[in-house]
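Just dropping this structure here.
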Amino acid sequence: MSWLPSLKTETPEAGFELALKLARMAVKYTQPDESVRKDLREQYANNADSLTMASHVVATNFQTIAAANHYWNTTE
Amino acid sequence: MSWLPSLKTETPEAGFELALKLARMAVKYTQPDESVRKDLREQYANNADSLTMASHVVATNFQTIAAANHYWNTTE
Amino acid sequence: MSWLPSLKTETPEAGFELALKLARMAVKYTQPDESVRKDLREQYANNADSLTMASHVVATNFQTIAAANHYWNTTE
Amino acid sequence: MSWLPSLKTETPEAGFELALKLARMAVKYTQPDESVRKDLREQYANNADSLTMASHVVATNFQTIAAANHYWNTTE
Amino acid sequence: MSWLPSLKTETPEAGFELALKLARMAVKYTQPDESVRKDLREQYANNADSLTMASHVVATNFQTIAAANHYWNTTE
Amino acid sequence: MSWLPSLKTETPEAGFELALKLARMAVKYTQPDESVRKDLREQYANNADSLTMASHVVATNFQTIAAANHYWNTTE
């Protein structure tokens, strides 16, 4: 089973959560060790700039997801 | 109730505020603890580079929101 | 009166200045205190990397503004 | 044989892995020494901000790959 | 006379130079003092990461300029 | 002879190398001194974050190049 079968989501909110998932998966590919990632999470979740950087990655991924879903303009 | 029912906004200004909301929600997903976020806000709201980084995230999200709203070109 | 009634501008130069305005407004939403922002301005206006970071935010916003204005291709 | 014969992939997941590959190849072009890259990998794989930065590069490359594959919208 | 009468350029190379100009103009708007900018230039022109950051801003502006010029695809 | 006569390349790989060239040329415009650039290269080629930052610039330029080449979709 693929972790990314499609970029389509039912709603914008689900699309935003998929953008978060993409951001985390890129980290997982680079650092596969779950325990290391958990330790690092402790660090960056308590640092303002780290959180802003993470938010930027999500924003970049959300651009992709939103475009893939035609911005969820269902009535156009 | 979804926190993001749609990317559509009535006006560019409302779209910009939605871009700010997206930036903050990404942080909230990563750091759900309200009190921690409040402490961190104190830090980055008084640091020039932190504010510039935050502005960059908003700019990235605003690209998405503006595209979703066809740049609010209502008369085209 | 909205601070952002439209993304349309008469000229590319006015569009660039609107991109600067968007960058500053995102900061203003996060740090509403005028006197704090003035102090921080002193800092980042004298630091090369801070200025480059600010220029990056403007560049990102200018992408949005330029697209909204069809790149000011008035004769196409 | 080219390391990048095409931007097309069968699935979104394969596209994401190609985005990771592009991120690494850019590093390889700049630092061709395999042993140096291995040492550096040790560093950034254990630093939260380094991983976030790497995730941002992947997100940027994934935008390109996703667009090249029409977001894998096979039924449109 | 406007410093940015148009985003159109004759050639890709001229477009790249316009992207450089946009990057510098954003700095100039924020730090209008010529002598300060000259001092700062000394710093960042001798720092690898500063130069990479500046190159990123140019890349972002070049995306805008290239799109405005339809990627200079004159024979399409 | 222009160093950038066109954004068109025969293959995706050649496009990626052009993206690398754009990243380096932006640095060259800012720091024209070959020997300084060579010294700086020594530094950033041995620093993980510097390499990631450089990879990000390449990714941004590759977006432009790929779009200019219609993602090399020759059979569409």
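Per-chain numbering from 1; labels A, B, C, D, E and F assigned in written order.
What we mean here is this: contacts are C-beta pairs under 8 Å (C-beta built on N, C-alpha and C of every residue); 3 or more make two chains touch, one makes a residue touch a chain.
Treat the numbers as computed from the prediction; the structure is a model and nothing was measured.
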{"item": "Chain labels contacting chain A and also chain E", "value": "none"}
{"item": "Lowest number of touching-chain links that must be crossed from chain C to chain F", "value": "2"}
{"item": "Lowest number of touching-chain links that must be crossed from chain B to chain D", "value": "2"}
{"item": "Most remote chain, CA-based centroid, reference being chain D", "value": "C"}
{"item": "Copies chain B and chain C touch via same or different residues, half shared test", "value": "different"}
{"item": "Euclidean distance of C-alpha centroids - chain B vs chain F, Å", "value": "31"}
{"item": "CA centroid of chain A to CA centroid of chain B, Å", "value": "15"}
{"item": "Interchain centroid distance [CA atoms averaged], chain A/chain C, Å", "value": "26"}
{"item": "Multi-partner residues of chain F (at least 2 other chains)", "value": "44, 47, 49, 53-54, 56, 60, 63, 67"}
{"item": "Touch-based graph of the chains, sorted into line, ring, star, complete or other", "value": "ring"}
{"item": "Order in which chains appear around the ring, chain A first, chain B after it", "value": "A, B, C, E, F, D"}
{"item": "Residues of chain D that touch chain F when the two form their complex", "value": "2-8, 22-27, 29-31, 36, 40-41, 43-44, 47, 49-50, 53-54, 56-57, 60-61, 63-64, 67-68"}
{"item": "Chain F - residues contacting chain D, complex", "value": "11-13, 16-17, 20, 44-49, 51-56, 58-60, 62-63, 66-67, 71-73"}
